[in-house]
Every structure is written in structure tokens, then in C-alpha cells.
Amino acid sequence: MKKSLTREDFLRASGGALASVYLLGLAGCGGQGTSSGPQGGPPDHHAFEGDTLKLLLKEGYEIEAIQKYKGDFEQATGTTVETEVYDEPTARQKFILDSNSKTGTYDITSVSFWNLPEYHRASYLEPLDAWIAKARDPWLDPKAIPKTAMNVMSVDGQLYALPHTIIGGMLFYRKDLFEKHGIKPPQTTADVLSAAKKLKEAEPSISPFTGRGAPTFASLGTWLGWTWGYGAKLYDDNMCPHATDPKFVQGMSDLLTLMQDYGPEDAASLTFTQAGEKFSSGNAAMMFDTTGFGGIFEDPELSKVAGKVGFSLPKGPAGNPLQWTYLEGLGISAYSQNKDLAWLFLQWRMSNETTRKEALELGRYDVPNLNVLHSDEYAKLTKKKGVSDYTKKLPQAWENITLEHWPFVPEFAKIGDTFMQQVSSAISSGQTAEQAMQAVQPKLDGISKDAGYCK
Amino acid sequence: MADQGTPEQPRAESKSRVPQGKRARWTLGRALAQVAVVILVIVALFPFVFMLRVAFSSARDYLSGIKVLSAPLTFENFTEVYSSTELGRYLFNSLLYSILTTLIVLVIGSMAGFGLSKARNALVRDNVMFFVLSTRMGPPVVFAVPLFLLMTNLLLVDTRVGMILVYTFYNLAFAIWLMYGFFREVPPEIEEAGLLDGLSPLSVFRRISLPLVVPGLMATGILVFIFTWNEFFYALVLTRDVAKTFPAMVPQFFGAFRVEWGQMLAASTMGIIPPLVFGLLIRKYLVRGLSLGSVR
Amino acid sequence: MRLSKRHYLILLGPTLLILFAMLAFPTAYVFSISLRDYKLTDPTAGNPFVGLENYKTLLSDPEFFSALWRSVLFTVGSVALTFVVGMAIALLLNRRDIRGTGLTRTAILVPLILTPLVIGATYRFMLDRDNGIINEFLALVGLQRIPFLADPAWAMTSVILVDVWQWTPFAVLVLLAGLESLPVGPFEAARMDGASRWGEFWYITLPLLAPVIAVVLLIRTMDAFREFDKIFIMTGGGPGIATQTLPIFLYRSGFQDFDMGFSAATGVVMLIIVTVVSSFYVRRIHSAGE
């Protein structure tokens, strides 16, 4: 990977032969080598004064703490922190392009667990185990982050990102509307369907249901998590796709019905932010998505339905709890020129101080710092804010998390995009689940074959 | 296209059936035509005017429908966009690339255009011209993948040198084609006279032909400037941050949560000034340039 | 004036060098990449040579044909509309009895020189379903709002109309120049024979304008086929793949799916299409330029 200096000079000179010397003076330097791993011992906070960190972030509630409190970090270290926020597919694209051209534009990136196999294979991320061992700052309490989360953010035993989000599946529903019309809280997928039917007649101006329908891999979790309730997996252990499996089709059919017949008219384009907005603005009565929304929906400043939300962890016909497994963290680019500072930032972000503020001031009740979650302050606050319904269900939701149904492979993004394009167009066209799954099965076959799976 | 009439034939105007002159009577047809022209101007200019209007409106105003048309003017979008993005740097890059590419391309392109205009061997000349034209015809997207990989390997991604090289290649053929056309309009007698006076052919080029095509040089130069300035695709794929141009920064206003329309259009207002000003300056040559010289 | 070989070398040397380096080489390179299994995110795989595998995948991929069809739809729609509207406007501006034609000719230059990406971004705002000014006008007169860019049926139409908006002025100006240089003789003869206005247009104007029309059609076709900027910023190829033309398809497979081999194969196919279509007409433009 590293070339000798003279070869780089030669390439650059021959590339710039046609430009004047003045141009060469103006040319920026491309990213070159990387700094050589952690220097021993906890770093001095002011060792990097004047430096700048660039963060590539994916949209989501977990970055609010970063944006609100980065000033603390800047003051403590005398540095500048710049952030760029994009939707998930764009953030991934930018990171891959940046890593591939080795320009090191970004020091830190949001890392969704499902992209880890891809990033690991291409060595885009800096492995963090050595850093934890040799350069741990007091900011990082090793016991604070749940071990399972650290394991999920590792591939082949190497940790690649410090987790800052653990998410499970949850159904949110308007308990006020349910009470009003005498519908009992949904505990199974069948309950959800019958509730949707009743609500459609009882409250015609509100969509009974909302969820993710956008045609990108970021929506896949909804559909695979739901069908897990039916005991169905899209892929078997050899990574052969079984989209036309009857149990899987049944699950897809129910969810498709919910989105087609009981969902908003733009259901086929909803990202998680937009789907959430439907619910928080009062335009949808139920939403199947991630536990992350609990705090948002119960915050009167962000949501019009605060205080009216019920939480349930429904099961499917096979007795499996519905899933929405998602973990996210911050990782360091392998090509960053500021790895020491970046590592310091990662530790600061998950420090007790920062996460405590995040939970208490920003209302992020599911911040994965065990010290914070088990503290008295936290218990007092959740009681005071009336969110105990939600926080009480969190541990169970986290315990329900499984990855059995998940294609944890480098081709995940392609699989997710292909599958969701079919589903999204089925939502808007009214296609049945059978038809959609028939159409997508050969495409998934092609991807598996191309990647060398399913022999 | 050569004038197909002989010098004695009256100009084409009088072939029109419509009564001549603006002092003629107003018929229904004429009135409709007049209205159509007005509508045409409105349609052509409305998006531009609207862009300016939104750029100078506050977020509350431009999100409140028709009312934006009468909202108070404000500079807040401009101050916001300059402080929260690197617009200054991107505009500078665009300017740098456009100017340098134009200079390089004019030098090389005029030499090649001159040489080709003197080529006797039609076969060679035609093939070279076809070769040259194909870069105007070929979709830039086709070369995206190889250029991207090439520049990655040469460590030229997101460098200013790299972008200038790419833009030189992008515009060279076009410039050659246009200059070829302009050089062919130079009366050969003047150049012959130069030769007779003892000048070498290259001196004739430098001292006689070139000065005679200065308007053509300017037109070509400004067109190259505009094409380089407006180029988006290669800037999107081959720059990250340091070497980014003005068009390539526009997508970043389409944020995850909402779109910063006001800031985006404020940045756009700043960014379209050069092509608009220069383009209108050479409007005489614009159509010729865009149609590859086939229309004078 | 005779130039020696040495003169040609000096005059054309730099050009040929650049064009070779940056045209011949990338063209060869894109062919080469298209014959490999080259996934950007899998550097460990070694990019093995797989022959025509990518082309096989491409030509059996319904999404490719969908993109091809969209390209045809977009190109034909945009070119046809540009020509018809452009011809009408050119005839309109050719009249001597209305005011402001000079100003109009300058005004319609604006769409041509504005940055295409900016045009796309501005229209994206104007066509927005909830906040766009066009929908505000519709709502004002009591009509239903139209999701111009979010509805699959409307999206392609909208994108074509924006392209028409940008490029019709080009057709207008070229056709106008053509109209102005037409000889008067045939028209006078026709009038003497009592030809109708439509007959005059159809049997005299059009045939005489044929070379100019050919130029307009060819250049517009080539430009519409390679259009990327406006579609990218207005719909990104969406909703779904409703506006995914070949250039967008190529961009996605290369820079979002990161399958370089497949993307390169798409590029080669596009190159073949363009070469075939343009080689018919390149001679035409060349001779028209004489």
C-alpha cells in the first residue's frame, strides 16, 4: 500500500508535466500514508491544539449529542470539530469513495453494524483493540458499554467502532386512540392487522400504520425483522436466498398489506426519519420500527403525541419477537491523519460525562452507557418525564435482539437495495407479496452466486 | 451555413407574408403573436428570477407559498452559506480551473486548429476531426470509471492539478474544432503575403493568422470557460473537498432532514454570475459554439 | 500555405499527446476494466479477468433494459418536443411585425448558459409538492397539487420538460439563423402560385431548412442521451427507477454499488451506441460546416 516517496513524486510530476510550475504550487496533496498506530499511554488532552477533526455522520438521533456538546470537546482539547451529516446511503458512499482514494478527508465516520463486513474486507477502518490497550483515556470506562454491543461491532475478533447506539424492534401505538375505540394493545402481528382495520374505519383521517418503505438498504431491517416473527429467514446458512418460502411470503404479505392499505400515501418513499414524523405529527396511529424512537415520541418539543404513546414488543405467529436489530458506532478511518485525536474523540463521546448529559438533558433514554442507565438520576428523571413505560421495555427489547435473520455479509448494501427496490415498488403498485418475491428471488440468487456463496 | 442567395436577391425578410414594419395594423394573429412573445420571455426568465427571489428571502418566507414573491429582501442566506460552508473555496476552484483550462486549451487548441486548417490530405484531416469530435459526442459518464481509477492510482483525486488535466481533455477537442473553423475564414492571400515577405509559416501563424482570429479566440475561450465552470459530473466523482467546485457543492444542501433551499439558491446566485456575464458578452458566438460551428 | 512535417509536429504534437493520454488510454482502460470482476470494496479479490461475464450479466439484466428504454424515452421526448416548440418559436421570432424580438433573443439565452445543475436544483424546489411555487399556483386556482418529482408517472415528464426548457432556445436560435438565410425566390414563387401558409411551410421552408434541422436534431440527440446533471439533482433516477436513464444507471452501478467492471461494461455499450448513431451524422455536420 505504501509506495516509496520517489515513485509518488515521479507520478505526480509526469501527471503535472503539462501544467506550469505555478499550478504545481497550487496543487493540494492527496492523502498519503497514515500515522503509525497508538503511542503508548493516555494522551495529553492538549497535545493536538489547533488541529481539526472531520466527522462524516449519518443522520439519526445519536448525533444530536455530538452536535450539541462538541464544544465541550473543542474546549477541553483546543481543537475544532467539523461535522457533515448525510442520509445513510450517501454517508456510506462518501466514506467508501474517500477510503478508496485514500484521501483521508474524514477522520471519523458513523459505522452501521451491517456495513462492517464490507469495511473490514477492504480495510477501511482502523482496528481499535490496540488503541484500547495502549492509549485508553480516563474518558473511556471499559465497563460502561454492554459487551454484546462491543462484540457486534467487531469482525473476526477486531473491534472497529465504539458503539453509541443499540436498538431493538418495537411497536409504537397511540394508546389514546386505542382506548377511545376499545382496541386492546397489539401483542401479536395479527393484533396489529386487526387494529389497523378497525382504525381505518374509526379514524379515516389518520393512517393506521406507518413504517419504512424507501427503496434502500436502510429500510431492510423493518421487513426482515417483521418476517422473523413468522419464523422465516431470507437467507439460509449457506447464504442461499429463500424469498419465496411460504412463511416468508406470509410475513411479507401481512406487512405489505399494512403499508399498502393502511399506510400513508407516500409509504413507498418513507425513510426512518419521515416515517417517524408521520407518527410524531399525529398522522399515523401505529409504527413498527426501532426502540430509538421512544425518547423522541415522548418529547413534547419534538412530538405532538407525547404522553399518548403506548409501547409493545409484539410476537409473530411463530412466537418470535419482531426484530429491528441495529447497532451503530463511531469508527476511525484507516487513512485519517489525526488518529490520536480521533481516538480521543471517540472516547469522549461515550464518556460518562457526555452520555449522562445526553440522557438527562437531551432525553435520549436509550444511550448505551450502563453507568448512566443504572444511575439514580436516570431513574428519577424517567419517572418525572413519564417515560417509564418506554424505559421499562428497553431491557427486554435489547434482550430480544438476534442476528439470526440477518445477512451479515459484505454484499449487504447490494442485497438491501435490490430487495427494497422490489418491495418499495410493490407498495406503490399494489403488487402482491407472492409476485414481488417471485420477482426478487432470481436477483438475490444472482448476487449470491456472484459473490461466491450458495454453491 | 453559406448564404445560398446571390448578392442581388433581396433579403429573406420580405418573404414573410406578414405586413411589414411595426406600423402595420394589429390583427388578431399579430396580437396573439405579441402575447406569445411576452409569455416566452416570462417562461425563459422566471426560474432565474425565482432563484434570485428565494436567495434573498428568509426561510419562513420561501416556505410560505406565493407570499414569497412579495416578501422583504434579506441577505441572511448569503451570510449563512458563507459561514457554514466553504463556498469561497469552491468558487475559487471553479474560477481557477475555468481560467487555467481556457488558457491552456486556447494555446494548444489554436495551434492544432491552425495546423488542421492547412492540412491538404483530406483523409487524414477527416479522421483526425472525427477523432476530435468524438470527445464532444461521447458521454462523460463513459469515462468516469477509468478516469476515477486512473486518478486514484496517480493520487490525483481531489487535487487541483488533476482537475485541470481532466478539464483540459474535456474541452480540447471542442476548442480545436471551433478554432479550425475560425482559421478557415482567414483569407489565404494575407497569409501568402506574409510568406512572401519572408516569414516562416509558424511566424505567419503567430503574427498574422492569430491576430486575425482574436474574436474567435475570445468566443472559444469564453465558451470553454462556461463549459468548465458548469461541469458537474467529473467534479462530483473526482473531488472530495479540497478541489471541489461550485456545482459539486450543490448536492450537499439536500440534507438528511430538510433541504436548505435558501442557502442553496444563494450559493447558486453567486455561482452563476460568471457564466451569465461572460455568456451574454459573447452571445453573438454562442449559437455557433453550441452547434459546433455549423451555424454562423 | 504548405506546412512541413516539422510544423505539423509542433502545432499538433501537444494535442495528440493529450488526446492520446486522456482519450485513447481511458477508452482502452474502460474496455479492460469491463472484462474484469472489479469490486471497489473488495481489494483482496485481485480483480480477476472474467472475459465477457459482465456483458452477459448486463444484457440479461432487466434493469439495464429499463434504463435503456428510459434513455430512449427521455431522448426522443426531449428532442421531439424541443424541435417542435423550437420551430414554432423560431417562426414566431422571424416575424417582422412584433416588438421586442431582439430582447427576446437575448432573454432566451439565459436557460442555455445557466449551470445545468443549478437549473435542476431550482426546478426541484419549484416542483416540490408541498413547497414548490408551481404547486402553489395550482392550489391557488383550486387544482390539486401534483407530485411532479415523486410520482413515477409524472417524474419522467417533468424531467423531460425541464430539459426542453433549457435547450429549446438553442433550437430556436439555430433554426432562426437558418430561416434568416433562406432565399426569397422560392417563397415569392409559391405566393404567386397561391400556396397556403401551411403549404409554404411544409413544402418550402422545411425542405430548405433540412440541413439545419439535421444539425439541431443530432446535437440535441447526443446531448439528451448523455444528460446527467439535471436528472441527478431532481430525482436521482427515482422515484424507484422511474427516471433512471443509462448515465444514471452507470453512475449508480459504479459509484453506489461500486461494481466497476459492470459499470465499465455499461459504458462500453453506451459508447458503441453513440458511435454508431453519430458516425451517420458526423460527416453531415462536417460538410454543413464547409
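By letter and in written order, the chains are A, B and C; residue numbering begins at 1 in each of them.
In this section, a residue touches a chain if its C-beta (ideal position, glycine included) is under 8 Å from a C-beta of that chain, and two chains touch if they have at least 3 such contacts.
None of these values were measured; they are calculated from a predicted model.
Comparing chain C-alpha centroids with the centroid of the full set of protein C-alpha atoms picks out C as the closest. Across every pairing of chains, the maximum count of C-beta contacts belongs to B-C. Rounded to a whole number, the gap between the C-alpha centres of chain B and chain C is 15 angstrom.
The centroid of the Cα atoms in chain A and the matching centroid in chain C are 39 Å apart.
Separation between the centroids of chain A and chain B, computed from CA atoms only, is 43 Å. Contact with two or more other chains is made by residues 165, 168 of chain B. Each of the following residues of chain A touches two or more other chains: 18, 97, 100. Within chain C, the positions touching two or more other chains are listed as 14, 18, 255. Within the complex, the chain C residues that touch chain B are 1-4, 7-8, 10-12, 14-15, 18-19, 21-23, 25-27, 29-30, 33, 89, 92-101, 103-104, 106-119, 121-123, 125-126, 131, 133, 136-137, 139-140, 165, 169-170, 173-174, 177-185, 187-188, 191, 197, 200, 211-212, 215-216, 219, 222, 225-226, 228-229, 232-233, 246-247, 250-251, 254-255, 260, 263-264, 267-268, 270-271, 274-275, 278-279, 282, 285-286, 288-290.
Across the complex, chain C meets chain A through its residues 14, 18, 40-44, 57, 150, 152, 238-241, 255-258. Residues of chain A that touch chain B in their complex: 8, 11-12, 15-16, 18-19, 23-24, 26-32, 58-59, 84-87, 97-98, 100-103, 105, 273. Taken together, the chain A residues at the contact with chain C in this complex read 18, 89, 93, 96-97, 100, 118, 121-123, 215, 266, 268-269, 410, 413-414, 417, 421, 424-425, 428, 446, 450. Across the complex, chain C is touched by residues 1-5, 9-22, 24, 30, 33-34, 36-38, 40-41, 43-45, 47-48, 50-51, 54, 62-63, 65-66, 68, 108-109, 111-112, 114-116, 118-120, 126, 129-135, 137-150, 165-166, 168-169, 172-173, 176, 181, 188, 191-192, 195, 201-202, 204-205, 226, 229-230, 232-233, 237, 246-247, 250-251, 253-254, 259, 261, 264-265, 268, 271-272, 275-276, 279-280, 283, 286-287, 290-296 of chain B.
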